[in-house]
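The letters A, B and C name the chains in turn, as written, and every chain counts its residues from 1.
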Amino acid sequence: MARYMARRLIQAIPILIGVSVIVFLIVYASPGDPTDRFRTPRVPPEQIEALIRSYGLDKPLPEQYFAWVTTFFQVWNIEAWGYSFVDGLPVLEKVARRLPPTILLMGTALIVTIIFAIPIGIIAAVRQYSWTDKIITTTATIGYALPSFLLGTYVLYLGGVLVRQWTGGAIGFPLFGMESLGSRGDPVDIAWHMVLPVTSLAILSIAAWSRYTRSSMLDVLHQDYVRTAKAKGLPRRTVLYKHALRNALIPIVTLLGLSIPTLIAGAAITETIFSWPGIGSMFVESVGNKDYPVIMAVAMLSGAAVILGNLLADLLYGFVDPRIKY
Amino acid sequence: MAAPAVTGLSDEIDEVDLAPVRTYWQLVRRRFVRHRMAVISLFVLAVLIAYAVLVPLLTGDMYKDPSLQKIYAPPEFPHAPLGYDEIGQNVFVRLAKATQTSLIVGFSAVIIIAGLGSLVGAIAGYLGGWVDNMLMRFVDIVLTLPILFIILMIVGFFGQGNVWVVVIAIGITGWTLAARLIRGEFLMLREMDFVQAARALGASNRRIIFRHMLPPATGPLIVAAAIGVADAVVVEAALSFLGFGISLPEASLGNMLNNAQTYFIRAPMMVFWPGVILVLMVLSASFLGDGLRDALDPRQKIDVK
Amino acid sequence: MSVQVETPVVAGAGSADDMVLEVDGLRTWFDTLDGTVKAVDGVSLGIRRGQTLGVVGESGCGKSVMAMSVMRLIERPGRIVAGSARLRGTDLLTLSEKQMEATRGDRIAMIFQEPMTSLNPVYTCGDQISEALTLHSSMGSKEASRRAIEMLARVGIPDPKQRARQYPHELSGGMRQRVMIAMALSTEPELLIADEPTTALDVTIQAQILELMKELREQNDMAIMLITHDLGVVAEMADEVVVMYGGKVVERSDAITIYEQPHHPYTQGLLASIPKLGERRRRLEVIRGVVPNPLNLPSGCLFKRRCPMAMPVCDTPPPVRSLGEHHISRCWLGPDGEPPQIGRDAAADVAVAAALELSVEPPVLEEPSASDKRGSGS
């Protein structure tokens, strides 16, 4: 097991290097640079030259790449990921501050999703072709087709504006941010702020996951061992929930592991709509500001998250399926 | 034995025993027509395309003509059935232009996706060996990239607001699925008798790929393309929504939504219409994909009611 | 000419209470978008205690659907349209789902063709055997797992204690089929339905499994319905044989008669296509053509387009001829394989054909020659 994991992590290194090269090239080969916004007649050109030198932007690309990539992995060093071009803070610190809100938001959305999606998918599969199934499948298909920014906008409008209007201002979900001014770390306040973003994230993923669950369950229901279980005379309930479900959950659990990195990247839009102070909204801001060190760090982090997610999926797979041994 | 033995190996096979012979495309059409949602989707798409082509053609640059007399003016029939926006632009006309932008982005991106995907997939699947290995590792790397982030970066750095940069960004990040699909088909087809026969007859690699292997692989490619269009439309809208894609005064579903968000207490319907168009496009593309997948699969003969 | 309703014909002596399963006029149809597939269309058969009935036919002839219908495991879009399947007199097809659950796995057990996929991959072999036991008997889980180990030993699995704790993927195909048999027999069923139990296995393993089934049949005094396309397996195992084609029984007899005096050209074709040991090397006979499209069946005899003996009269559905006490054949050919004398029997033929079009169950043409008894029919 440990050897398998070690091997997988070693295999991940070339992939991570490939990712870093691509990300680096996009960032540094693009026209313009982060000093563009200072190029006004009031800033003397020498100062801009000095700024470029201090960022190391005057060096040849390969040199810049090696300088960046070698320090990048020294995560114990606060300077490893450089300093933000915008506010001068260490990138490592910025990321460390923005990561927990993202994890909180996405984790909650994931839990809500699992609680709803799996039972819904099972019901639809077990009653295939029934009206219940048709309603669930149609709703899920529509939900699945909703782009996240559209849904986010509608949820914001419904929950933040209409509900406030209907209740005469008695109930109004906060429109943005993670906490109200002056209430640092109050859990109730944070939870209140999470209602709308979690709702809009969960609606989308419930639609997707109930579809996965349904099709996985349907797959399993056509397997020979389900026929064997029926031939044994087991009651329908036992066939479904003992023999079929246990197998149907295998791909679901694996997919869950695989989806964790997408959750982080997918949060970018929802976080931006609800001004959630997470890593995704930070990325969007940084692209607008050409804040290279922050962009690189977040992009690398999501690449690493994909690799870790794959590894997690494998581990979970080995855990739920006795056929897999590492 | 009471009766003479059954005759030996017969070289004629009773054609009469088989179902009425239909050509492949007749079968495809028959199976597709059965898919009610796919047929409806095809109709919806046709209407959307007609709307996106005809209205801008007839109105020219009207979609970015503000009129301060008509700010938030109510619908006027027949020329402004959806009313006017916050600077007095005709929403119906603007929406048509935005739909056009979306469709252009969607279809152009899919051309890149299908082209790059089938090129890489065909080479990997046909040649196999270390070429396949290298290409698939590269696919792995692209799959590991945070795609939305990469697209944001490309668009943000190389040409914010330019439609073609958006198209290229979506295209060069989105081809992996198509490549894997074509590679899979090719790996399978490569071992098939008719390909082996073509090779034995001395056909060149290029001829084998284009004459014998690409045609049977088009089915999955068409399905992937239908879904690819929907994805590209959504990504473009998301980019414009975040302010990186197509910027005002040009019209895109994403920037119309973003813009409407600012005014949605005053004019909620402005958030509604671009959303409806977007959902219609995505839904019909995905139903169309489903219908095509079922229709193009030659193995599927008898459908369950 | 005598036209009478067919009753299940069974070989061997013995009283009626020896009859374990009687299937009568069973029809199972599948509704597809292209039309109705009559997968099983009027099948009748019977099996006695301690005997094996071989059900033979090419794939797609409806033999598995017939077995699944008896188990009441037909799913949409399939449906059982008509007929009965009596297990010791009780019609299974009219039981409630609850009663059927109590019967399945207890009084009738079934084993399948695919030992590799028929066991649930996430539970141990022992668990899967004891599951049926705790369900159908008053055994506690401890006792059931002890019995599961006992059953594993009985089907010849070495080191059964260890095996019971293993997952299916840790066993070979032959071992898995033994586990399936152990599972099926653990509740001592009266009837075992074995659907191609050895098709997926190596020849040597095949022989072992067949031997095991024979042994267990004797020990438990149960009846076996053995479904196969392999006449060699039937020769090894069966007391009686039913040959199916296009969802109908085309010939039925005791095993020896089928091998020595096959009447139906289809049966003859099947027999001619198996190689025989010790015979001078010659070209193997093949039945020409393919199984007819179930959606586009020929009118009249379903086999006529592949039949070397086909005659104009075959455009009319053939009668079921009784050729001896236990031997019937659905063919126009006379008892010795001679063509029917159309001139003389024309009126009778048309009458039979008309009856066939209307009736649920085709009538039986009584032999000797129908002309002798003309007018005395029902």
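Please note the rule applied: a residue touches a chain if its C-beta (ideal position, glycine included) is under 8 Å from a C-beta of that chain, and two chains touch if they have at least 3 such contacts.
Just so you know, these numbers come straight off a predicted model, no measurement behind them.
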{"item": "Label of the chain whose CA centroid is most distant from the centroid of subunit A", "value": "C"}
{"item": "Pair of chains with maximal C-beta contact number", "value": "A-B"}
{"item": "Centroid spacing, where centroids are CA-atom means, of subunit A and subunit C in whole angstrom", "value": "56"}
{"item": "Chain centre separation in whole Å, for subunit C relative to subunit B (CA means)", "value": "50"}
{"item": "Centroid distance [mean C-alpha coordinates] between subunit B and subunit A, Å", "value": "25"}
{"item": "Interface hub residues of subunit C, defined as touching at least two other chains", "value": "76"}
{"item": "Of all residues in subunit B, the ones touching two or more other chains", "value": "none"}
{"item": "Footprint of subunit C on subunit A - complex, ascending", "value": "129, 223-225, 227-236, 243, 246-247, 250, 320-323"}
{"item": "Complex contact set, residues of subunit B against subunit A", "value": "137-138, 140-150, 152-154, 156-158, 230, 234, 237-238, 241-244, 254, 257, 261, 264-265, 268, 271, 275, 278-279, 282-283, 286-287"}
{"item": "Subunit A residues within the subunit B interface of the complex", "value": "14-16, 18-19, 22-23, 26-27, 30-32, 141-142, 144-150, 153-154, 156-157, 161, 261, 265-266, 268-269, 272, 283-284, 287-288, 290, 295, 298-299, 302-303, 306-307"}
{"item": "Complex contacts: residues of subunit C adjacent to subunit A", "value": "71, 73, 76, 97, 100-106, 109-110, 112, 114, 117-123, 131-132, 135-136, 167, 169, 180, 183"}
